[in-house]
Structures are given as structure tokens and as C-alpha cells.
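The structure appears below as C-alpha cells.
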Amino acid sequence: MKKLSNAQIAWRAAQDLPDGAYVNLGIGFPEMIAKFKPEGREVVYHTENGILDFGEAPPAGEEDWDLINAGKKAVTLNPGASFFHHADSFAMVRGGHLDVAVLGAYEVAENGDLANWSTGPGSVPAVGGAMDLVHGAKQVWVVTDHVTKDGKPKLLRQCRLPLTGVGCVTTVFTSLAVIDIVDGHFLLREKLPGMSLDELQALTEATLRVNGTPKDLIVPEL
Amino acid sequence: MKKLSNAQIAWRAAQDLPDGAYVNLGIGFPEMIAKFKPEGREVVYHTENGILDFGEAPPAGEEDWDLINAGKKAVTLNPGASFFHHADSFAMVRGGHLDVAVLGAYEVAENGDLANWSTGPGSVPAVGGAMDLVHGAKQVWVVTDHVTKDGKPKLLRQCRLPLTGVGCVTTVFTSLAVIDIVDGHFLLREKLPGMSLDELQALTEATLRVNGTPKDLIVPEL
Amino acid sequence: MSRVYSSIEDALDCIRDGMSVMIGGFGGAGAPIELIHALVDRYKATGSPGNLTVINNNAGNGAVGIAAMIYAGMVAKMVCSFPRSTDPKAFTDAYLAGKIGLELVPQGTLAERIRAGGAGIPAFYTPTSYGTQIAEGKPQAEFDGRMYVQERWLKADVALIKADLADRKGNLTFRKAARNFSPLMAMAAKTTIVQASRVVEPGDIDPEHVVTPGIFVNRIVEVANPQQEEALLRGGAK
Amino acid sequence: MSRVYSSIEDALDCIRDGMSVMIGGFGGAGAPIELIHALVDRYKATGSPGNLTVINNNAGNGAVGIAAMIYAGMVAKMVCSFPRSTDPKAFTDAYLAGKIGLELVPQGTLAERIRAGGAGIPAFYTPTSYGTQIAEGKPQAEFDGRMYVQERWLKADVALIKADLADRKGNLTFRKAARNFSPLMAMAAKTTIVQASRVVEPGDIDPEHVVTPGIFVNRIVEVANPQQEEALLRGGAK
């Protein structure tokens, strides 16, 4: 059984983007989701620094560094794009106008708590827009490896690291499974077909609930 | 001794408009001040409904009813005008960006309290932007007859009518005098030359303080 | 996922009895007359939607627009700052007869409450109305030595907005001072319904000149050469 | 009453030791490099203005812009949401050595606090940061069944802003995403100092397209063909 690559996790998350959705993709790994948006589905991307409906990166050498996303990467505009200042941008976020925000995670707890901004004292803390996004978007998705680099669970009964938000995550797309958070519990929606529920549970600190039989998590080679 | 007409009160107030000032003139009588702005003095007028730097009324028949002031009168634009929405408009007001707001009054108290929006129960109450203006502009001027139509004082120890704002008025331009409000008291700056201090005091409920000799209030025939 | 409706009636079909309805416009500038009158027509024909709470700076003038709604009897309550006009009879009569409610809100507070509703800010403090009747019963607090009044956000089920241009993705521009409350109301309503003088293609509005981004707009209907409330009234409309 | 200054140095002459300085820009987009570097030059030449509190989303990148201010030793404290960048050495070293303070503010809260400062709103409630370290010590309250954190306005003595066009009355436009925090900071500072790529006559900017009205702008200096921070960094600037 081979766990999913980041690209495959991003692909899987992209399949759930609702048609017509306004979506904010976090810096880094979540940004990859845009690449895998199913054809024909209309999605408008929001970036914290004041653009709606931006498009792909321009070819190298054609960057306009006044036209960047929150990750400070050069982007382009789709027809129908708009610019606005930061307070309006976060009015969109905080006011519940975004359909989906996708973030990475250090830890996710079964009650939906998220820790993704600080690994504790000793480093320079940086929070950016994450704390706003998790309490603003209608759905908050996490894309992540199922376990840490040391093989320890990231899906926990309670977060140990400093929280980004309380009870905010709605779905976790991991390298092994798709898990919804429902009524304070992890509800397993899909798992890799080659893996038993017990094997998956062994890599997950909190209890995985099941409603009927979980579907197979099937993704293309990428 | 002839008391000042409204036009003369407006003229007197206009002489105090600081060069470069951003000014909001209340609906009705205060609007008349714009006509008497001293030549060469640059004043930018703000209207609550989202225009800065509007100009005079257009000729009859050339009105654009999408280009109106807070009194719903047609206006024109000066070069350098701008449009903005109501929240931005009142950010200018509440945020202390206006230099002067001029309003009418039913009553002004010596501590700067203003009553100008409600004559009490039995009518339809309407407040508009007055309560915002009185707590936003750096200076709040009142233009008013010195006494009511019945000859009773409007400059009081305490307001009796429902308040518009507390301790907000900085100067009162009346038909008889110019009075600053300083440290909770009426400080007489100018009075009609034909009138004694005692005569003026008799028409004023609260004590008029004097710092040296008040100047003569002299205005042109208008 | 087009937001563009071909009929005003269809664009308005989500409005039900008892809803709160923000209506753009200050005086006649920005009043979405065609949307309002179509709603009045529906009420007269079907008895619905009635019992509405209407949010606007004013409370109608003459017998058109919001005044027509009041005369029709479909408005239970007005939330506004200035329920007076050159001809306020519709509201005044209903109010003095106890047939319509009134929540009087200072104009800047009204604007800020609507923005707060759209921006996810449940409450804020303002100096406006401190020490007045309007502040009675509201929490008050001192900041940096000055007293302030706590005000709550204001949201609505529906906003009716008049735009100049709208592209099919919902980006809007407004004409001159017809902008006023409309961009705020578009943010604060669950469903924002726009009549635009012209519907254009995405990209036809410069991204720098978009006033209301499409994320705040749900339904658009083109109304070319729209009526202007003030012009209607001065033209003698009853 | 012209706001237009012919030299950057004169436009900046009101900045003194210990002031709070909002600096527009997000990453390199909107960073007023020429204003910043003139201020650094003054500090190096005269030892003033030092002990500054700088407010920006980030905390400098490489050795230009805000990073140059930090290297020069003129910044006592940063207020920002994300003190990381591709090359955050200037801030990181100073921070870990205890030589610079940090107030970490979530990005949307930072934007809203600055807007509140400009709009006369001393405090507001936000869901952002509820239940996190950031909320510790702040008043919290429940509205409509949900918990919120009270945040205070943020003002500054000075704002340094990069605009695209400025007319002589202070009306501004911005270039693309260089807009970001600048319109907010222009509202929230006692003195707003703008470098504009082009200074034009009043009326040259369409009143519908003005992003920052002149009421928020105090000083303007033209800097044609301004440097772009990101381009500078990628060009190998040290």
C-alpha cells in the first residue's frame, strides 16, 4: 500500500471543489489544488492581499511583482478579476463569503481544532491570515500527510501545539484517507483500498467513526 | 440694533473657514455658508452620501439626480472630486478627518451639548448624520438665531430637548454674537456693536464669560 | 453558474413574507425602482411578500419606491436614519397610526452596522449617539478616556441594489452618488439582487475600477434606462 | 495649500524618534522603497529617526526596505502578521537577539484594526484568534451564541504609502495588488506621506476611480519609475 503523494492529496481535494465556489488556497501545498480543478467547474480564487479571480502563474520572465498572491508568487488575472484593499479582502473572509478555505496542518483534533502556525517557543512566530480564514470560510479543509515525519499521528484527540482556531476544520484530506469532522468526531469517508480500518486507526490518535462502509480513496498516478 | 439675517450669520461663519479645510455643511441654513467663502480660500466640501469636493448647484434643468448632496439637492463636481460609499464617508466623519462640521440647533448648552434632532414625542423622529458629525469633526459649529421664535434663549445652562451630542459644540454663530465654548462655558468672542453685554446676557440663559473686551460683530449688508 | 436572470420577477422569486430587505439608495440616487415596483406588483397580485423589514437611509418619498411599498401595506418595519422627505406622507401616516415600526439609527452607525454585518464583525464601539436617547439600553464602554456606545451588526435576507455596470460574474460599478449604501448592503445580505443598467462580459470592467466584487452578488437582471426616483417624483409621479 | 513636495527628504521631515510608522505594501507590492531608503539614509547620517514602531504585514526581506531599516537599527518594534520571508535574516537575528520587539497580529485583524483607527472605531469584536494564544488577555464576549475577541483600533503617527497616480489634492490610485494595506494606513495615520509614480492635476483621476480620497493624504512626492522591492531582491540587491 502506497500512501498518496502531496499532488495526489491535492487532486483528491480538488474533486470536492463545488461549482461556482469562492476558494482560498493556503500558501504552499494547498496552492497545488488549483492545478487539479476538474474541467468545466468554475472556481474563483481569492487571495488575502486583495485579488479575486486570479489565474495561473505567468511564464518565467513575464512576472509583474505588483500582481502576486498571498504567497508572494506572481499570478495572472482571469476576466472578471478585481482588486480591493486588505480590509475588504478580510471582510470577504471573516464575513462568511468564501465557500472553502484550504490549509495545511501540524495537528487536527477530532473536535475540529487546528494547529498550523506555531511549533512552540524558540522560533519566530508568524500567523498571516490563517486565523481569519479558519473562522470565516463556510468549509475549512486541511490537506496533510496522515502522520508526522516521525510517523506520529497528526489527527489527535486534542491538539498539543498552539491553536490556530477552535472547532473550525470540516474535512481533512490526508495521504491515507478523507475524513469529515462531524459533531466533534472524525467520520471516515474514504480510505486507501489497500489498508484496513484497524491499520488506519493505529495511525490516528482519535477514534475514527464509520457510517456504513468507507469508500475507497482512489486517485490517479500523478 | 438689527439682528443678523441668516445670510449674515452664514457670512460670518464663512469668514472662519480655515484655508485647506474639509468641511461638512448641514442641510438647510448651514449650506448657505458655501456662498460666502472668502475668495482664495480653498475649502473642500464633504457630503454624507459619498462625495468629496462637490461644487455649486447646476443651472435649473441641468440637474443629475444621481449627483446630489445629503439634502438631496443637485450639485456639481469640482476637479479633484471623488465618490465613495457610505461607510467610507462616515469613516471620514467619525475618524476625525473633517476639520469643521456646521449644524443648526434647537438648543446649545454651555458645556457644548447640542439638541437639534427632536422636538420630543408626537412627531416622526429623524436623526440623519448629525449624531455622527458632532462626534467626528475637529470643530463643530452651530449657526442659529440667538433666541427662539418666541424670544426664549437657545443658549442654555442645560439642554431640555433630546440631545444630539454631548459636549461637542465648539463655536456658536448667532444672530447677535459669536460665542466659543471653552472649558464648559460660553466665551463671548464678538457681539453686535449696538448691544450691551447686559442686553445680550438677558437673551442668554447661561452666563456669558468675557476675556477682555468682546470684538464687534460686523457683517456686510446681504 | 450564471447569475444573470432574464426577468425581474424571477430574480426576485426568493423574497418571502417576513424577510428583512436592504434597499440601496439615498434619496433617489441608487433607488432600484424597477426591482421595488416589481415586488409591489407581486404583493398586490398575490398578497406576498408582506410583513417585510426594510432597511434604507430614508423611508420613502411621494408614492414611488419604498413609499409605494408602504402604501401597499407590505412593510412592517423601517430601519433608517431619516424618515423624512419632501413628501413623507406614506411613512408618516402609517407611523402615526401605529401601522409601521421604526428603528431609528444614526446614518453613520447604520452604514457601519451594515458593513460590520458583511465583514463578520458582530459588534463595534462608536462615539456616535453617546449620551442620547439612541444609546439608551446599549452597552457603553470607555476607551482612552472617552465614552463609546456598542452597536451590533446589521444583516438582511435580501439586498436590492441598483448598479450601473454588472459583469456576468457579479462585479459592479455605480453611477456617481448612487453608490452610497449599495456596496455595503451587497456585503451584508444573504442574497443580493442587482438591477444593472448594462450587463457586460467579465473583463469589460477594469479590475481596478470594480466597486463591488462579484463575491457579494447573487442575482443580476439588466434594466436598461432605469427610472430615477427623484426624476420620477419631479415629473409628478404618484 | 499644495501637498506636493519636491524632495523626498522634505516630505519626510516630520518623522521623529519614537514615532509609529505604518508602511504600505504586502511583500514587495506597494512597498514605498524610495521613502524608506531616504529615511534610512537620514538615520545613518543623523542618528534620527530611531526607536520607531513599524507596522506592516511583514517584517522585511533581504536587506532592502523594512529589512534595511532593521539592519540600520532604527526599528524598536514590529507590528505585523507574518515576520517571515524568503530571506528574513534581518528581523530574525534582531528578534532572537532580543533587539527588536514583535506584536503579532492576525492579518485580517491587522487590516481591520487599521481601518478602525481611520474610521473612529476604538474597538470591535472578531471571531479571529478566539481560543488561541493571540486572544490571551483580551476581552471576549458572546454574540448570537458564538464567542468573539475584542480588538482595539491601531493608529500611527505617520504612514508611508506608494501610490500609482496622485493628484495635487491628494486623491490616489494604486497599481494592481500594490493596493493592499495602503488605503487603510492612509486613513489611520496623523500624517500620510505618499510617493506617487505620477502626480497629476485634480480632475485627471475619474472621481469614480479614486481609491483613496485626498482627505486622507497630507504629503505627496513624485517618484517616477519607482523601485519594486521584489524585483530589487530578485535582481540581487543586498
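Going by the order they are written in, the chains are A, B, C and D; count residues from 1 in each one.
What we mean here is this: a residue touches a chain if its C-beta (ideal position, glycine included) is under 8 Å from a C-beta of that chain, and two chains touch if they have at least 3 such contacts.
Just so you know, these numbers come straight off a predicted model, no measurement behind them.
J.: From subunit A, how many touching-chain steps at minimum until you land on subunit B?
T.: 2
J.: Counting in whole Å, what is the centre-to-centre distance of subunit A and subunit D, each centre being its mean C-alpha position?
T.: 30
J.: Based only on mean CA positions, could you tell me how far subunit B sits from subunit D in angstrom?
T.: For subunit B versus subunit D, the centre distance works out to 36 Å.
J.: Residues of subunit D that touch two or more other chains: which are they?
T.: 112, 115, 119-121, 126-127, 174, 176, 207-208, 211
J.: Multi-chain contacts in subunit A: which residues touch at least two other chains?
T.: Subunit A, residues with two or more chain partners: 51, 83-84, 87, 90, 93-94, 135-136.
J.: So how do the chains connect up here, line, ring, star, complete, or something else (other)?
T.: other
J.: Can you name every pair of chains that touch?
T.: Applying the touch criterion to every chain pair yields A-C, A-D, B-C, B-D, C-D.
J.: Which residues of subunit A touch subunit C in the complex?
T.: Checking each residue of subunit A against subunit C gives 19-20, 22, 42, 44, 46, 51-53, 77-84, 87-88, 90-98, 135-136.
J.: Taking the complex as given, what residues does subunit C use to touch subunit B?
T.: By the definition above, subunit C touches subunit B via 26-30, 57, 81-86, 88, 91-92, 95-96, 102, 104-112, 114-115, 126-134, 174-184, 211, 228-231, 234.
J.: Taking the touch rule as given, give the residues of subunit D at its contact with subunit C in the complex, in rising order.
T.: Within the complex, subunit D touches subunit C at residues 112, 116, 119-127, 141, 143-144, 146, 148, 152, 173-174, 176, 207-209, 211.
J.: Help me check something: in the complex, which residues belonging to subunit B touch subunit C?
T.: The contact residues of subunit B facing subunit C are 47-51, 64-68, 70, 72, 83-87, 89-90, 93-94, 113, 118, 124-132, 135-136, 162-166.
J.: Which part of subunit C faces subunit A closely enough to touch in the complex?
T.: Touch residues, subunit C against subunit A: 1, 115, 117-121, 167-169, 171, 187, 201-203, 207-208, 210, 213-216.
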